[in-house]
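Residue numbering begins at 1 within each chain, and the chains themselves are lettered A, B, C and D in the order written.
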Amino acid sequence: MAGNSFGEIFKITTFGESHGVALGVIIDGCPAGLEIDTAFIQQELDRRKPGQSNIVTQRKEADEFEILSGIFEGKTQGTPIALIIRNEDQKSKDYAHIKDSFRPSHADFTYETKYGVRDYRGGGRSSARETAARVAAAAIAKQLLAHFNIQINAYVSQVGVIKLEKDYSTVDLSKTEDNIVRCPDAETADKMIELIKEIKKDGDTIGGLVSCVIKGVPVGLGEPVFDKFHADLGKAMLSINAAKGFEYGSGFAGTTLRGSEHNDIFYTDEQNQIKTKTNYSGGIQGGISNGMDIYFNVAFKPIATIMQAQSSVDKHGNETEVTGRGRHDPCVLPRAVPIVEAMAALVLADHLLRNRNSKL
Amino acid sequence: MAGNSFGEIFKITTFGESHGVALGVIIDGCPAGLEIDTAFIQQELDRRKPGQSNIVTQRKEADEFEILSGIFEGKTQGTPIALIIRNEDQKSKDYAHIKDSFRPSHADFTYETKYGVRDYRGGGRSSARETAARVAAAAIAKQLLAHFNIQINAYVSQVGVIKLEKDYSTVDLSKTEDNIVRCPDAETADKMIELIKEIKKDGDTIGGLVSCVIKGVPVGLGEPVFDKFHADLGKAMLSINAAKGFEYGSGFAGTTLRGSEHNDIFYTDEQNQIKTKTNYSGGIQGGISNGMDIYFNVAFKPIATIMQAQSSVDKHGNETEVTGRGRHDPCVLPRAVPIVEAMAALVLADHLLRNRNSKL
Amino acid sequence: MAGNSFGEIFKITTFGESHGVALGVIIDGCPAGLEIDTAFIQQELDRRKPGQSNIVTQRKEADEFEILSGIFEGKTQGTPIALIIRNEDQKSKDYAHIKDSFRPSHADFTYETKYGVRDYRGGGRSSARETAARVAAAAIAKQLLAHFNIQINAYVSQVGVIKLEKDYSTVDLSKTEDNIVRCPDAETADKMIELIKEIKKDGDTIGGLVSCVIKGVPVGLGEPVFDKFHADLGKAMLSINAAKGFEYGSGFAGTTLRGSEHNDIFYTDEQNQIKTKTNYSGGIQGGISNGMDIYFNVAFKPIATIMQAQSSVDKHGNETEVTGRGRHDPCVLPRAVPIVEAMAALVLADHLLRNRNSKL
Amino acid sequence: MAGNSFGEIFKITTFGESHGVALGVIIDGCPAGLEIDTAFIQQELDRRKPGQSNIVTQRKEADEFEILSGIFEGKTQGTPIALIIRNEDQKSKDYAHIKDSFRPSHADFTYETKYGVRDYRGGGRSSARETAARVAAAAIAKQLLAHFNIQINAYVSQVGVIKLEKDYSTVDLSKTEDNIVRCPDAETADKMIELIKEIKKDGDTIGGLVSCVIKGVPVGLGEPVFDKFHADLGKAMLSINAAKGFEYGSGFAGTTLRGSEHNDIFYTDEQNQIKTKTNYSGGIQGGISNGMDIYFNVAFKPIATIMQAQSSVDKHGNETEVTGRGRHDPCVLPRAVPIVEAMAALVLADHLLRNRNSKL
């Protein structure tokens, strides 16, 4: 079975190629009666859209959406919500040169081999443009989550070697949108922006990290043994274009700690809530949310499209040379922030609904 | 929906609690006609079973399995294969002391809250004992993969701060089973074993890394956009008890590279196969295997059960103290190796079959 | 989970309300490389569309579709195929009178109670207009089936008490489209048309049967024990609006036969094919196709909307009266023919692909 | 994907062959906290088991079950419930004669062709013995339904031409278990028993009908547009061995009625409940339960195994002769009653849980 759906109860299916007629998504399983603020959907799409600053791709897409079904008199109806975004700025001729060639570290070769055919225009279905559909769907998921007081905040915590050396709990998450790189620490943000501009000048690209924090999650989300909350989160993040790694809570660094250091001690707070003194668990124990903040990191590689000549092969296996054309991001990180939030929202919405059947 | 199944075509469902009657698994979707070597299944279970060395738990379980269905005259029948492992050494009284208390960084609190009930004996369903069922199922998946010449090799690459500083391509993977810690480098293995013994003496635990390499994977496995090969691998690994992180190919380290350094250049080899000169992609491009080696790391936290007194709360929120009893692993890593391989085998078997429908 | 998807490998998800912006469907799982004749899609939609004759509803819908994704250079790409049909003739004011009332034997009451909200315009999601999306998707499925020489032919075999008293093997299936009621026997068709006109004059409606024959099905389709071929066919048919019953092969009539009369005796034909002398099995044995013709009947009730005053209640439980307005079918049967074929095509396409994993 | 699972939330997977080691089932998705009466499970198995009277097969199977997981201290834990039934009376040698031959109207030929292999002993997986696992699972589903006051009653309403000419509402459903044929009308039951004995004497078999009534279903179960309540019920029933047809409410007979006769008029009763005066809808409107009784019929063909010599072919296509041996039912109907109830219970339990997400 093809892999264009995500979620079990709050389930989305996306469609669309980078330079096709339209992108879109169907949400099947959103409960009826949720009031939808359509302006918020556009706002989320705007955070992801190309051309929003001089450190991202200059492709011009309004990314305006149209809702085709599922919402009536401002409310979800319990029926599938379909939403499309037409492609406008389709400079397909930018891609004629790679019709028969495989760009290094792109999906050209694997798609051509797997499917026997390939929409070479802008990467077709493999383009990160597809994530617009995810962001649109997640804008509805976020409204469902808001109803239950769950908030998600992602931000850029590393670009190349420039790293935000502060813990999520010590930064002001409300400042993420204050700068174009989406790092809540102004000083670090400036360094990141500088680095990206430099990289861009070289026609090159750079990787980095997005960190994400989720607050207000009730105890109980996650379905062991396979659909553990962090396992589904991990899959969600790794499904984002250019993602190479995922860690939650103490993550990779926690491997060097001893159990006596790493265990989170329970206590009862003044509101009679059971909490933990530390949170190495990252808000998840045994695959189930424990009510503490959930936090995690996603590693992104440098984008494959560079404005430099590279050796490659064509579909017949002959040597050739390819050079990036078109309009591309020197660094995926700033635009990855709303996408990381979107995937987190989809996982949360789904598990929130799944958990309704844990008890009699 | 509950989360006890994994896979879409080659689909397993596991069941069983740590101190219940039996563990088991159903495999639904294994193609008919595969010859099954049942001795191999036992061999795989023996690699995972407790009591196999002095650096792992001394719980005594023979972990002998019984096949209940799906195999006739030595071959799979295309019908569900059911396999059970009876629990023998159920010292449930070891757990009476935590009947009403929540062990730090365990799943006691989250299970109790999510389900309203809890089998407190040995962690019940949340125990890593459940992975025996996965290993058994994967022993069949591995036989399917062997038919297609796919090999999986995992090994311990880090315990605490002791790290194997060699790349997978420079170690002899056939030596992994030569020592009890399952690190293919003898010298590093000795250091790891020494560290684990020390930790054990302290009644403490320690984390680490398992690395895994998959060779012989055909081009084309993985189903974008959500069921990318590495996304499903990541979920599989993160579903293993104590896993905290996953990275593939260049992983987290790749975030500091530039695209011009990180891109894998295509070339055609002597057998007319399209290959890449480097393999930062980790054998996966656009979520689809490209025929190069797939390799990845899984981070494991220190096990939560320590032989030291820790402060905690009981189910009424009152302060209490818990101390680990029973027989536990000071380090999950050695026994995690066959489990990591098992989950990789399940992902591969599933995607191998899923890919049969990519083309007309 | 919501129920707007059908199929496991060749999987469709439909969306859209009767008087909303658009209807549509995503097909996820159609293998890549299939050449698509878009004119055929329109042709199939035209067979289902309203206003095609004077014995069906006079609602005016061109039912023109737009393909948004998944097809490039005339071929399927292995990516989701999205297809929409905009609603044009939305006389929503025809429905203002039932905004708060429940029409007898309609879905008004059950939708309102289940979801707490209701798009009352034309029945919203419960309208048979939704089946246009199924027919569009099936027009692609039929092209996949044609590639494997499978043909599906449905026809009207009963309208009220007017029954086609001939077996499917004795009628000329190529004549089904020769008359507006879609009964391949001209004489019976005339009687059916006459009856429908009479019923229409009375502002009433009438039920009947659609029969369907599938030829060219290879041995092996169907996945016991639950997804038997006829079980999935039955579900598919029963999911069509107004369907009340399903039988295949000897069906209900076969209940009075003895095993010695009913068993289909095997023999080997001149082409060395194993066949059966009779076909009470309806081409399916043990839930798996046996290579003989598959045939079945679907019972449809009289449509609930009648042009007569009926007593009912409003959403507060108060007594009220409703009278059908708008443009409705006096008999669902003629337009049900392409829908029955469509659902059969979707079941076949799905099982054809599912069967690729039955053997090693 | 293989077809051995049923349900989406309350999901069962069955396994086991007729003459293999054991049959069994995993239930994944039963909410935690349900008290389980294990005696009731045995009671249900006893209603289905062979040898219970002289009009059913004399195979001797105690059909005793063992629960392996998921229930602790008498309650469901929210974890998978595994249950097995060992096969005892495996007279496999009864089947040596059909090792290479295909019994008429059995699944021998289709299994052999689909899978390339076949467990010929007692029909292997295709045997109705598999339904014991369904009945066991449903005995848990029924306890969940009882918690919500939903009752299911099936009975034999026809054997051959002997038909119970009374509506379900006019018979005393509590009398179904009073006789061995499970027809609640004593007089009709006698005639049915007489007929079956006659048929048995001839070494022949006979078909018939099972009717089923479900009371106490809340408004709202069913998930349009594909998973309509009656569509899932229909699939469930058609998945039972020997089932050939399904109809609900007015069914096939309703096709000859006019809408003005067939529509169910709403009214408000003394308890302020919205009800319908008639119930041609069979308790389901628009695919969603409306609170009225749900009722339906299932048609069963005469069992294929007869004690008479029949012409057939072997696996090489050569002509041969087969005669039924072993111990078989002359009529499937009496034992089909608990199976029909079981499948109805599984559909209800699943939709009851699915409906928890229809609203915010």
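Please note the rule applied: contacts are C-beta pairs under 8 Å (C-beta built on N, C-alpha and C of every residue); 3 or more make two chains touch, one makes a residue touch a chain.
Since the structure is predicted, the reported quantities are computational estimates derived from the model, not experimental observations.
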item	value
Topological distance between chain B and chain D, in contact steps	1
Contact-pair overlap exceeding half with C-D, pair selected from B-D, A-B or A-D	A-B
Far-end chain from chain A, centres as C-alpha averages	D
Approximate Å spacing (C-alpha centroids) for the pair chain B, chain C	46
Rounded Å distance between chain A and chain B, as computed from the means of their C-alpha atoms	26
Distance between chain centroids, defined by C-alpha means - chain A, chain C (Å)	39
Residues of chain D touching at least two other chains	1-2, 4-5, 8-9, 14, 29, 32-33, 78, 114-116, 125, 357-360
Residue ranges of chain A touching chain C (in the complex, touch as defined)	1-2, 4-5, 8-9, 11, 13-17, 20-24, 26, 28-29, 32-33, 66-70, 72-73, 75-82, 84, 114-119, 124-125
Interface residues, chain B side, partner chain A - complex	1-6, 8-9, 14, 102, 104-107, 109-111, 113-116, 125-126, 130, 158, 160-161, 199, 202, 204-209, 219-220, 222-228, 230-232, 234-236, 238-239, 244-252, 254-268, 272, 274, 276, 280-282, 285-290, 299-306, 308, 310-313, 317-319, 354-355, 357-360
Chain B residues within the chain C interface of the complex	1, 9, 29, 31-34, 78, 144, 147, 353, 356-360
